[in-house]
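In the part that follows, the structures are each spelled out as structure tokens.
Both complexes below contain subunit A, partnered by subunit B and then by subunit C.
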Partner chain A sequence: MKIDTKAKWGIVLGLGPALLIYIGFAIVPIIISFYYSFMKWDGFSPMQYVGLDNFKELFKDQLFWHSLKNNVYVILASVIGQLSLALLFALLLNRKLKGAKFFRTIGFMPVVLSSVVVSLTWSLIYNSEDGLLNELLRAVGLQSWTQNWLGNEHLAMISVCVTIIWQFIGLYMIIFLAALQNIPREILEAAEIDGATEWSKTWKIILPMMKDTITAALVLAISGSLKTFDQIYVMTSGGPNHATDVSALYMYNKTFQSLQFGYGSAISVFIFIFGLVLILVLNKLIGKSAV
Partner chain B sequence: MVFKMKKSWSLLLLGVVLVFALSACGSNDSNGASKDGKVTLTLWNAWSGDTSDTRLYNERVKKFNDSHPDITIKTETTDSDNYRTKLKTRAAGKQLPDIFQVWPGSELEPIVKGGAMAPIDSLTDDLKGKLINENTLKDFAVDGKQYAIPTSVSYTNLVFYDKDMIKKVGYDQFPTTYSDFKTLIKKLKAEGITPIELGNKPQWPLQSIYVSMIADRITGSDYLPKVLAGKAKFTDPGFVKALNVVKELNDMQAFNKDVNTINDDQAMDNFVQGKSAIFISGSWSTTGLLDKKSKDKHIGTARMPAFEGGKGDPTKVSGVGAVGLGINSNLSGAKKKAALEFLKYFYSKDLYEDLLKAGLLIPAKVDLPKDTDPLFKEAYQATEGGTAPVYDGVLPAELTQTLNNGLQGILTGSMTPEKLAKEMQSQVNQ
Partner chain C sequence: METYSNRKIKMTLIYVVLILFAIVNAYPILWMILNSFKTTKEYAVDKLGLPHSLHFQNYIDAWHTANFGEYFWNSIVVSVVAVIITVLFGALAAYFIARFDFKMSKTIYNFFIFGLLVPIHATLVPMFILMSKLGILNTRLSLIFPYVAFNLPITIFLLVSFMRSFPKDIEESAIMDGAGILRIFWAIILPMTRPAIATVVILSFINNWNEFVFALVLINNPKLQTLPLGLQNFAGDHVTNYVAQFAGLTMALVPILIVYLLLEKELVKGMTAGAVKG
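After this line comes the complex of A and B, so read on.
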């Protein structure tokens, strides 16, 4: 296809502002981060070049690996919890269901709410003394099931993951619904005429046709999980005793609370590379690159 | 047609909402550039929340603006947790305003050492020892130079208790020894009352409020500087014992169950609502307690009990000067003159009198008004014995983080006092 010069300029003009902003606020900071990661810097005094020392320390830092492990839990929760449930709901809502529109709105609601609102609400629900969840358990006679959901080191991470799953199911549900509605009717009708059951229709026609969308959703879920910060910051601040620390939160604390800007940048660089590798591997595994 | 109408209506509505949102958050900045001899200075503070002290500070600024037509002070307010992060970040980027609020000790030092602040000794020489307590003034000095003046003293440990509740279990007065304090806790528990309310989600309360005071009672006030100078160790029995006190209180189930998931403000609300008998917090809570408590609730204020065999002075309370305003080192000429004039006006006897009336503990020599609430009077009396160091005011930021997290670990049982002390010491050694 040949684009004439006039249209080319139009494209440059249209993309220009967005591209400039993107370079200024995303690409340049990433490069600066790389630079800082080789420095020892408390934010005030002059920087000191330390080579790879920050990274050497990072590999020995058990708390960092612990936070990365928690991050992997969030990724698993998002991929398994969010995507599979979202797919299930989308398949259900795509059928001629009474009140489908209503459920769709309800499902999408948490996505519209601010993360802070969601997290504050859930920390009230989880409160061990008079939270909704424990009250509910007591009301149905399950006192022994009541827990200190966010205050117990073994449960806190699970509780936080449940909130994250709840918050974003709606987003993927809408993405999947859009993909489902794009599947041509004729193909499904042809399958029905050939006597395909609902089950084989779903597995052999609908899901394969949604493959690209699912891959895109996977990439979104993984990169989103690596950036998890707000919900945990509000609900537990990474506590109790690092039980819910994730790498973004750990980086924040190291950088702005302990004032180790160089070390914090090294963590950011590591998260960046980790995410990139994860998504490259994923694309290799699925075969065709969708994103 | 009907559809089309609907669409245009909703578009219009969307437009109105967006314009409204934009106009609501739009602001008319000017960079403080001087026109016709007028000086505009920007002041950053953490006076958020509508409490009596923040109201007084803002009033003071307004009065200054009204009485000084050639100088305008523009304030920018951020809530205190975020303010500290903002200050550190913007200081790193050399983007500090003309005047800004600072915290003393380990928070002030890096900003001063980075060359971002100008000393204000010319101002304080007149006030030292006359209006303002010399000892508290020192909190805002680095290498012998003064960088800010405190408006109040933030005492980080005051024991607030419900007089009626402890009377119910046989106490007319708050216990003055730790062993008696433990007996009180046991008696309260036996009555089914949660003994102590604590909100440790933000992690600093257990450290700043509890450990600062408990450790000082046991080790004495000269211990902490010694540790940092390498002449004593965190693994010494005294400090380990202090951490063990936290563990002991936790093992006795003295705290509310949701201790790790609520913050200091929520804990105060629970205490005011009568969910527990004791709330240990700092002087920042006095104004809130006075505002929120009902008339028939009798709250007493006491000092942390003495520890048997402790080396510390039991009349001291851990505390540090607060709300100091400092000036940017890049100010010069008319702007610097205006900034100093503002500080001189701000830190006047009037302000301290008003603050004391409003329920703040101040570092200045001003008499207590007669109609003071007993809660505040007792707080005033409790803090007459002088100040002991506050841990997060003295410790470097990283060590504070380790202590904060470790204390949460002691509450959940994943950390022992001995192990935490060892971890802290190994960080000092590095």
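After this line comes the complex of A and C, so read on.
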């Protein structure tokens, strides 16, 4: 639409409220986070500027690196477990199939549930005494496999990752299905006439055409994994003995339990930048290996 | 070419895999719902079977001991108010971004979209301080503001792309008839955007309803806790009372499942929009 003076005021008034709240409660906090990361502060007494000290401390903080390593495990679990299974299910569902809608609905269901409900349910599943998992193992005679799934330092991280995979497979499945349905039918039909099997059609035509969607899903999975908090806070609180600590939880504890507001902000800033760098590198790698 | 029997084997395999997937997805939830109707004694001896009868006492107990009524009410108030503000402000902003040519239009749009990349955790510390400085820590407002702010990017993303698809002459004829800018928005554009608005309403409602971290940090008062926070505390207080936990979880789960089954299309569209279009 053309603009006159009246419309100019309309634009200001129309964009104003949304911009105000968005800047005030999303953008400004991020900027302040950077500012706090250069301070030593317990949240109450006056702040003290310490330059890069928080970051220097961060680089020496074994527990922080340990928690970041667990984030990397979540990323690997999401990429390997989640994306590949989601892709498989999407490929299987992308055909004339009785009940396809039913499988889609059931598949996406966990995605709409709150992480707290999911995590509490899985805590009950993993329960060492009365949990579903141990009970099922006993029912099929695998008594010796029963475990304290969340209480065992070596298993806890795997157990938590399984829950996270379970919760979000459906999201990627639907994303992949949407991309599959956008592939023009003529291309696939032409390949069929040339005698291509489903296997070679999938590898040579479908997957290359889905490259952009797969990249987007990778970005989503990586940034989502770095944010992991709810599931771990609810299921293990980072235990046993820090075995399941992730960086967002470590930041939360440093800030709100140890009252190191500056140090906590430095952790947030580091994760934020770490995530951006990871995504940039990923984009570069994928851009180079053009199919 | 595939032979008939090869094809049959293939389809059987596909079904086996998909049915396994469906069982793994649905069984934990079904297991939880079934156990919520068992007595403690019944659960102790039989964790896998069907309940003998529909024993509603767990629900009554959970409702009374844990203030579930309050948690529900708090979640409803915070989620609904935040959704109304998000959609009203978001639609207004989207209208000006999508339908007017002005210099900053593209920049402002990108600025909003950048919000999709802002990790919530990086804002927690400043948000806590900001809320206490504004004097609204521990009030419903301290949740409503961030919920609106963090749902605006996806709202504007979805609404702008929808509004851009309308033909240009819609407004022109309205202007000829002497309608003002806001009248065009209210009487023409907004009704036309209804399908996209439905998606946005459901998406941001679910986001708010499920949100945990902000509620954890910004709300201390038990009377103002939302459902996820209340559930978490309830589970902590009833660590070994499994059937009560099952009942509490089922109560929290059922409304969302109903919303999902009724409005699946809109919800799925909203939740996958970022990756599908980007």
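A few points about this structure:
FYI, the second predicted complex is superposed on the first by the 265 of 291 C-alpha atoms of A that agree within 3 Å, B and C clash if a C-alpha of one lies under 4 Å from a C-alpha of the other, contacts with A are read in each partner's own complex, and residues count from 1 in each chain.
By definition in this document, a residue touches a chain if its C-beta (ideal position, glycine included) is under 8 Å from a C-beta of that chain, and two chains touch if they have at least 3 such contacts.
Please read all numbers here as calculations on a predicted model, not as lab measurements.
Partners subunit B and subunit C, brought together by superposition on subunit A, clash.
Between subunit B and subunit C, it is C that contacts the larger number of residues in subunit A. Using the contact criterion defined above for the overlaid structures, shared-chain residue A:E153 touches subunit B, although it does not reach subunit C. After overlaying the two complexes on the shared chain, residue contacts for A:T236 are found with subunit B alone; subunit C is out of touch.
Using the contact criterion defined above for the overlaid structures, shared-chain residue A:A178 touches subunit C, although it does not reach subunit B.
In the overlay built on the shared chain, the residue A:F261 is in contact with subunit B and with subunit C.
With both structures placed on the common chain, the touch criterion links A:I193 to neither subunit B nor subunit C. After overlaying the two complexes on the shared chain, residue contacts for A:V111 are found with subunit C alone; subunit B is out of touch.
Looking at the shared chain after the overlay, A:L285 reaches neither subunit B nor subunit C. In the superposition on chain A, contact of A:V140 is made with neither subunit B nor subunit C. In the superposition on chain A, the residues of subunit A contacting both subunit B and subunit C are 43, 123, 127, 256, 261.
Listed in rising order, the residues of subunit A touching subunit B in the complex are 42-45, 123, 126-129, 148-153, 235-237, 239-243, 253, 256-261. Every residue of subunit A that touches subunit C in the complex is listed here, in rising order: 1-3, 6-8, 10-11, 14-15, 17-19, 21-22, 24-30, 32-33, 36, 43, 88-89, 92-93, 97, 99, 102-103, 105-117, 120-125, 127, 130, 132, 135-136, 139, 166, 169-171, 174-175, 178-179, 213, 216-217, 220, 223, 226-227, 229-230, 233-234, 248, 251-252, 255-256, 261, 264-265, 268-269, 271-272, 275-276. Those residues of subunit C that touch subunit A in the complex are listed here as 14, 17-18, 21-22, 24-26, 28-29, 31-32, 43-44, 47-48, 85, 89-90, 92-93, 95-97, 99-102, 108, 112, 115, 117-130, 145-146, 148-150, 152-153, 156, 171-172, 175, 181-182, 185, 206, 209-213, 216-217, 227-229, 231-232, 235, 242, 245-246, 249, 252-253, 256-257, 259-261, 264, 267-268, 271-272, 274-276, 278. Within the complex formed with subunit A, the subunit B residues making contact are 85, 88-89, 91-92, 110-111, 113-114, 116, 201-203, 256-262, 275, 397-398, 401, 405-406, 408-409, 411-412, 414-415.
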